[in-house]
Amino acid sequence: MTQHQTTASPGKHPAAIPFWRDPDKLGIIYQALALCLVSLFGYYIFSNTQANLARQAIATGFGFLDNEAGFEIGEKLVQYSAADSYARALAVGVLNTLKVSLLGIVLTIALGIIVGIARLSTNWLVSRLAAIYIEVLQNIPVLLQLFFWYAIFHDTLPMPRMSWNPLPGIFFNNRGFYYPIPESHPVHPWMLGALVAAMVFGYFLKRWAKERQDRTGQIFPVGLSITGLILGLPLLTWLFGGTPTALNVPELSGFNFRGGLNFSPEFCALLLGLVLYTSAFVAEIVRSGIQAISKGQTEAAMSLGLRPNRILTLVILPQALRVIIPPLTSQMLNLTKNSSLAVAIGYPDFVSVANTTINQTGQAIEGVALIMVVYLFISLVTSAFMNWYNKKKALVER
Amino acid sequence: MSQQTTQHRKYEARPPIASVGVIGWIRQNLFNSPLNSVLTIIIMAGLVQLLPPVTKWAFIDSVWFTSADVCKDTSGACWSVISQNLRFILFGFYPYDEHWRPITSVLILFGLFWLSYYRQFWSKKLLYGWLVGLVVMGVLMKGGIFGLVPVETTQWSGISLTLLLSLFGLTAAYPLGVMLALGRRSTLPAVKTLCVIYIELIRGVPLISLLFMSSVMFPLFLPEGVTIDKILRAQVAIILFTAAYIAEVVRGGLQAIPKGQYEAAEALGLEYGLKMRLIILPQALKVVIPPTVSILISAFKDTSLVIIIGLFDIMKTTKTTLANPEWMGFSTEAYIFIAILYFLGCFSMSNFSRNLEKTLKT
Amino acid sequence: MTEQTANTFDASSSEPIIEIIDMHKWYGDFHVLSDINLSVERGERIVICGPSGSGKSTLIRCINRLEQHQRGKIIVDNIELSNDLKNIEKIRAEVGMVFQHFNLFPHLTILENLTLGPIWVRKEPKKEAEETAMYYLNKVQIAEQAKKYPGQLSGGQQQRVAIARSLCMKPKVMLFDEPTSALDPEMVKEVLDVMIDLAQEGMTMLVVSHEMGFARSVAHRVLFMDSGQIVEQNTPEEFFHNPQNERTQKFLSQILH
Amino acid sequence: MTEQTANTFDASSSEPIIEIIDMHKWYGDFHVLSDINLSVERGERIVICGPSGSGKSTLIRCINRLEQHQRGKIIVDNIELSNDLKNIEKIRAEVGMVFQHFNLFPHLTILENLTLGPIWVRKEPKKEAEETAMYYLNKVQIAEQAKKYPGQLSGGQQQRVAIARSLCMKPKVMLFDEPTSALDPEMVKEVLDVMIDLAQEGMTMLVVSHEMGFARSVAHRVLFMDSGQIVEQNTPEEFFHNPQNERTQKFLSQILH
Amino acid sequence: GETLDAVKARGFVQVGINGSLFGFGMPDDKGVWHGLDVDTARAVSAAVFGDPDKIKYIPLTAQTRFTALQSKEVDVLCRNATRTLSRDTELGLNFVTVNYYDGQGFLIPTKLGVKSAKELDGASVCVLPGTTTEQNVADYFRANNMKMKPVVIEENTELNQAFFSGRCDVLTSDASQLAGIRAVAPNPADYEILPQIISKEPLAPAVRHGDDQWRDIVDYSVLAMIAAEDMGITSANVDEMLKSTDPNVQRFLGVTPGNGKALGLDEKFAYNIVKMVGNYGEVFERNVGVNTKLQIKRGLNAQWKDGGLMYAPPFK
């Protein structure tokens, strides 16, 4: 619907408005100006860079990605050796970043919720401690905390030969945390199958329970039984599959432990530092989210005769989540971005690997660009997912 | 009847003993349910386990003003690492005889913060006070006039650098952030898109990638022969970064201003610039003071990352001290010391913003 | 419309559903309620009034244990209120409460608000719960809003939903804490009409309210509270035309213009 | 008090200050105003009424270009409203507007609110602007509040300040958009009195209002709008006692009890 | 040349330095810079200005050092950089005379009982990134068919701490640093340096391509220190040496003019260097020698006549 004034005004009014007095035209001019300035600026930088690169004979382009990397990486989720390409080395870095971020996010949310609820506890000691936790961790730079935790890890944990061995097969030492994994056995795939089956079954159980409640009013303990299923079914499979007990136990051989799996101290320090730091913020978010729900809601639910746990799950949480999710998303992104500080304490995350790559190839522009693109991508995917989730929640609720 | 009431009150006034006084407090706050009682006992036990050894280490067995050799023989904390290197940790390689200048600057800063803490001092004068204060601090640090020995910014290190980066970063980022926020709310699609891209791009990447950019890529962007000081480059990175966050905060403030204010301003015949300057921004910026303080806090904490590109902020001076063979090994003490410094800074600021939020609300 | 509800009540005919004996309550050192004695018969309708801060809300909140009293006894339908969770639950299921600020659950539809209690507390099948809910929604005349969310209704409608929500639990007693004081004047009538309807059906009601018209037309008894005590109680006629106590007189002179 | 303002207006005696010719406005696809023709003489006082959503606000907001029209012409004091920024500025300086929600600037004192426009738009010296401001504050009888902030005044006082703020720009026309509808009943009179004063001084006024008493006593003409059109216009007597249009009749029957 | 003019106009030399490497470039607790690299830079300043302290030190990380030189942020890089072919060519640098011959080695706790680097299969290795060390050690392990787990830590301090606390079995770095690290260990006797030196690390100051005069100035500033030691001139005896009759010494100290003019410097530049900074031996002993915490022996860095590699061409 874009009707415009078509008629020129009569007599004394000039037909054409000078452009500097017409907001529409001015708008176009401003925008053109802005675009021009930005592209000029871009061009200026581009041409300078071109000239500098040419003058200093620095190679450009991403051709280096196929070259042999020639350095080792201490922790990797996929096969990698010094003979592999830079591309593969960088991929190892990305996976390491994702590993610490994902695990960190899960733990942060769990810890943040606990501390946030503790902050609201009616127990004075508990709420005071939670307050101290939040204040102290929020107000110290995360980098300093990482240094601190790393120092704790390598200074106070024992040498491999004197590992702290709380349970057979489990070792804590300054090389990390070692734990056994079962020796591979034909029953394992079956157990995995049983787990999947348990989950599928649990899903149907939940639907059935809901349907039955709707029909008869009886309440079925869904949470408990699904937990039982998920634990029990694989266990049963294991029992009937010949109860293989052989474990791949970590053992001291040569310099280090062999066998089993382990988390390195760098990883643990990074994870711990990030989780503690971010969880302090999450705790505040959770606290204010819960406090945003008025006391009247609880009272109304109480006077209906609902039990405390049902009040929480049916009335408080669904409302609090709406308040909590947006700031929670940005904390999750912060955690991911802060994981780039790994470079300071020796965990080979993406920035650390990219750094080494920049050093060896001298191609700073490509390296920094890669770093930015990777984080941007992670950020965009995360916020897209959270927005989707948020919308879904909002739709269900509103 | 009112007489009767008071009489009645007198002889029935006391609540059951278990619900008031110390006992009442303990019952209500520590043992008000079985779960809470268990938690209380566990925490108490933990504190009893933890506090004595920590106290012993930090205070009883510790040494404070000794040489490094003495430290090696004590079982407690070696605070000497701080006391013996304090001036280097705080001021880095700012000329040794000129340390009074950063000290004075920091005192001016504290004074200004202290004045800003009390709302009754809030006025235009305080704002000018801040501007004058910042200029005075700059002149004092830089020297070159009034017979002060000139000191290159490259020599500003330790706490001066930390404060320079965070304060100047915020001051310079503020106008930029406001412009970005206005741009993002603009009706001109191209301007809006540019601002959105900028803001989201910057917020999507970690600060250290910008710092890397400033240290390894930035020199390539400039024409041959033109160089910009390393600190300035890091400062630019911090400004660009902070501006994106400020823009989002300010946008929130702008959104909180009712549409009627825009319309009333327009109806008076104020054009865009005046409308924003006289009506909208003064209100919006006041609303966002508390979140702005949180950005200042983050900026203050984030300056610690410049260590990664080799600038001598207070973290780096501390670590340099620890790189000295004499003092190697006392990192815990040193880290605790700067942690306390950072904590005091951030905590007082966040307290300030919380107070503010309360007073602004009423 | 209110002619049918005779404002007399034969107290001897039935046993008390609520009995409060020598009850006291403190907030810390502050004596909010002192020496409360009150007995409410089945089907009786009581209006409580009194100056702000006199403890009216606290009194009715004690009855379904939203607040804990420290001395004396409260017995509801032969169950004594104590720290026993099971008793508290039982009593809460029998006592409906309507708040000044409605306190509907904003994330649930009107229908879900109404069925939440029956489904999770009374363990009714969903279909049945919904039928009951629709019955009461019809009764408060907003059946057509069942699928909407509370935020989409006017204050008066919300308060009517809140009443219906309590009724769905089929309570024996209804407590109202200033149910109309947060409403715009036009909406007050809607809500009072619903309450008068309820009264006509013989529901036991305790209403904290300053709607003197309402008190006059439906209450069997009016209680006047001051400084945590029940200062005067009487039939509405006596109370309004012939107040005994000096405080009551003063209070009434302020309220009745 | 209103006896002096004769409710008759000799239209031929002066040239129109506002002329709206064949004006249309759309919001997206929604036709808010269609085919508006209106001519307002200098000194004329017009009251606009009509059901909610009929486009009353939109119409008067078009006159000082808070909204843009898409077809037709609006000519104010011989200046045609077009995209020309200079004309828009000129017109806004000549047309004062008073909003339903006052829209005073909360961060400025009353005096600063009043002098803002004169100083920054009319470029008056501060002293002079303040004198004018005090003059108008006196006129609306709140000179003693000059140093306070808007938040410290009652709604009626705020609205009076809003009127004074517009007057300080020495406008030729004043537009009022339901100036009393956000006020408590007691405060309505304060504001209406000020408006009647203004009317007596011969200010050209366009008032969106449902205050029929006001319309009757000061308006020269009453406009009735419905669905974006001017359905009926007439002198107040005719309009209230002898409405022509069926919609008008229905509307009036709802408003006049 | 261009650089010299710029430096003179500016009034000081901009030097890229390692900010936290004890013995090579690090400020003391008064913020004053000390170290072998620092003294090299001071020699340049003394040569150009006749004042060793007309210097602006710019601490650089391993990643930023070459960019800083390329972008003219610094005039000379005295930051323990290894001369390699690619740096000399692709990065557009010119390395001058080596001021410290180094090689990458391994530091290991004695109690592990390892006698040769060949026994390190499976070890955790602490490495400092951004240098050639990371690649060298990977190459070495690959060449010997061994596996390793690198622990790559950005900061010297952090790295040393990690090693002493046993986080790694072995620490690899330039031998000079290993000596220093061993020296500051809680108990130096618990650690030893393995005999294998797996790389050549000639550490040299570097300048940009394209300004030969400036390159010569930096080069001969380093060489002057070496030559002075060779000729037995020290900061203590340099004034007496002015009266020496040895034509080589006279030419060196500028008593017989010519050298200074050729370089575009004051004739007394070598005198100034020796007087104000010292000869190579003095500088070495002062910063890293056996009487310092680092306790490094001259080894390869001894004069040629003592079996080392330090050899200055004739100053004529």
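A, B, C, D and E are the chain letters, set down in written order, and residue numbers restart from 1 in every chain.
Here is the rule we go by: a contact is a pair of C-beta atoms (placed from the backbone, for glycine too) under 8 Å apart; a residue touches a chain by one contact, two chains touch by 3 or more.
No experiment lies behind these values; they were computed from the predicted model shown.
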item: Count of contact steps on the shortest path from chain A to chain D; value: 1
item: Each chain counted as touching chain A and chain E at once; value: B
item: Centre-most chain, if every chain is reduced to its averaged C-alpha atoms; value: B
item: By number of C-beta contact pairs, the top two chains; value: A-B
item: Computed distance of Cα centres, chain D from chain C, in Å; value: 48
item: Chain centre separation (chain A, chain B; CA means) in Å; value: 25
item: Centre-of-Cα separation between chain E and chain D, whole angstrom; value: 84
item: Chain centre separation in whole Å, for chain D relative to chain B (CA means); value: 50
item: Multi-partner residues of chain B (each touching 2 or more other chains); value: 212, 216, 219-220, 222, 224, 308, 331
item: Contacts with 2+ other chains: residues of chain A; value: 52, 55, 147, 151, 155, 343-344, 355, 358, 364
item: Sequence positions of chain D contacting 2 or more other chains; value: 85
item: Chain A-touching residues of chain E, taken from the complex the two chains share; value: 62-63, 66-67, 70-71, 89-92, 112, 120-124, 129-131, 134-135, 137-139, 141-142, 148-155, 158-159, 161-162, 165-167, 169
item: Chain B to chain E touching residues, read off their complex; value: 84-85, 87-88, 91-96, 152, 154-155, 157, 212, 215-216, 219-220, 222, 224-225, 227, 229-230, 308-312, 316, 319-326, 328-329, 331
item: Residue numbers on chain E that touch chain B, as the complex places them; value: 19-22, 26-33, 56-61, 63-64, 67-68, 70-73, 154-157, 160-161, 164, 180, 183-184, 186, 293-294
item: Contact footprint of chain A on chain C as seen in their complex; value: 64, 66, 89, 92-93, 95-97, 99, 101, 103-107, 116-117, 119-129, 149, 151, 162, 165-166, 169
item: Residue ranges of chain D in contact with chain A within the complex; value: 24, 26, 28-29, 70-73, 78-80, 82-86
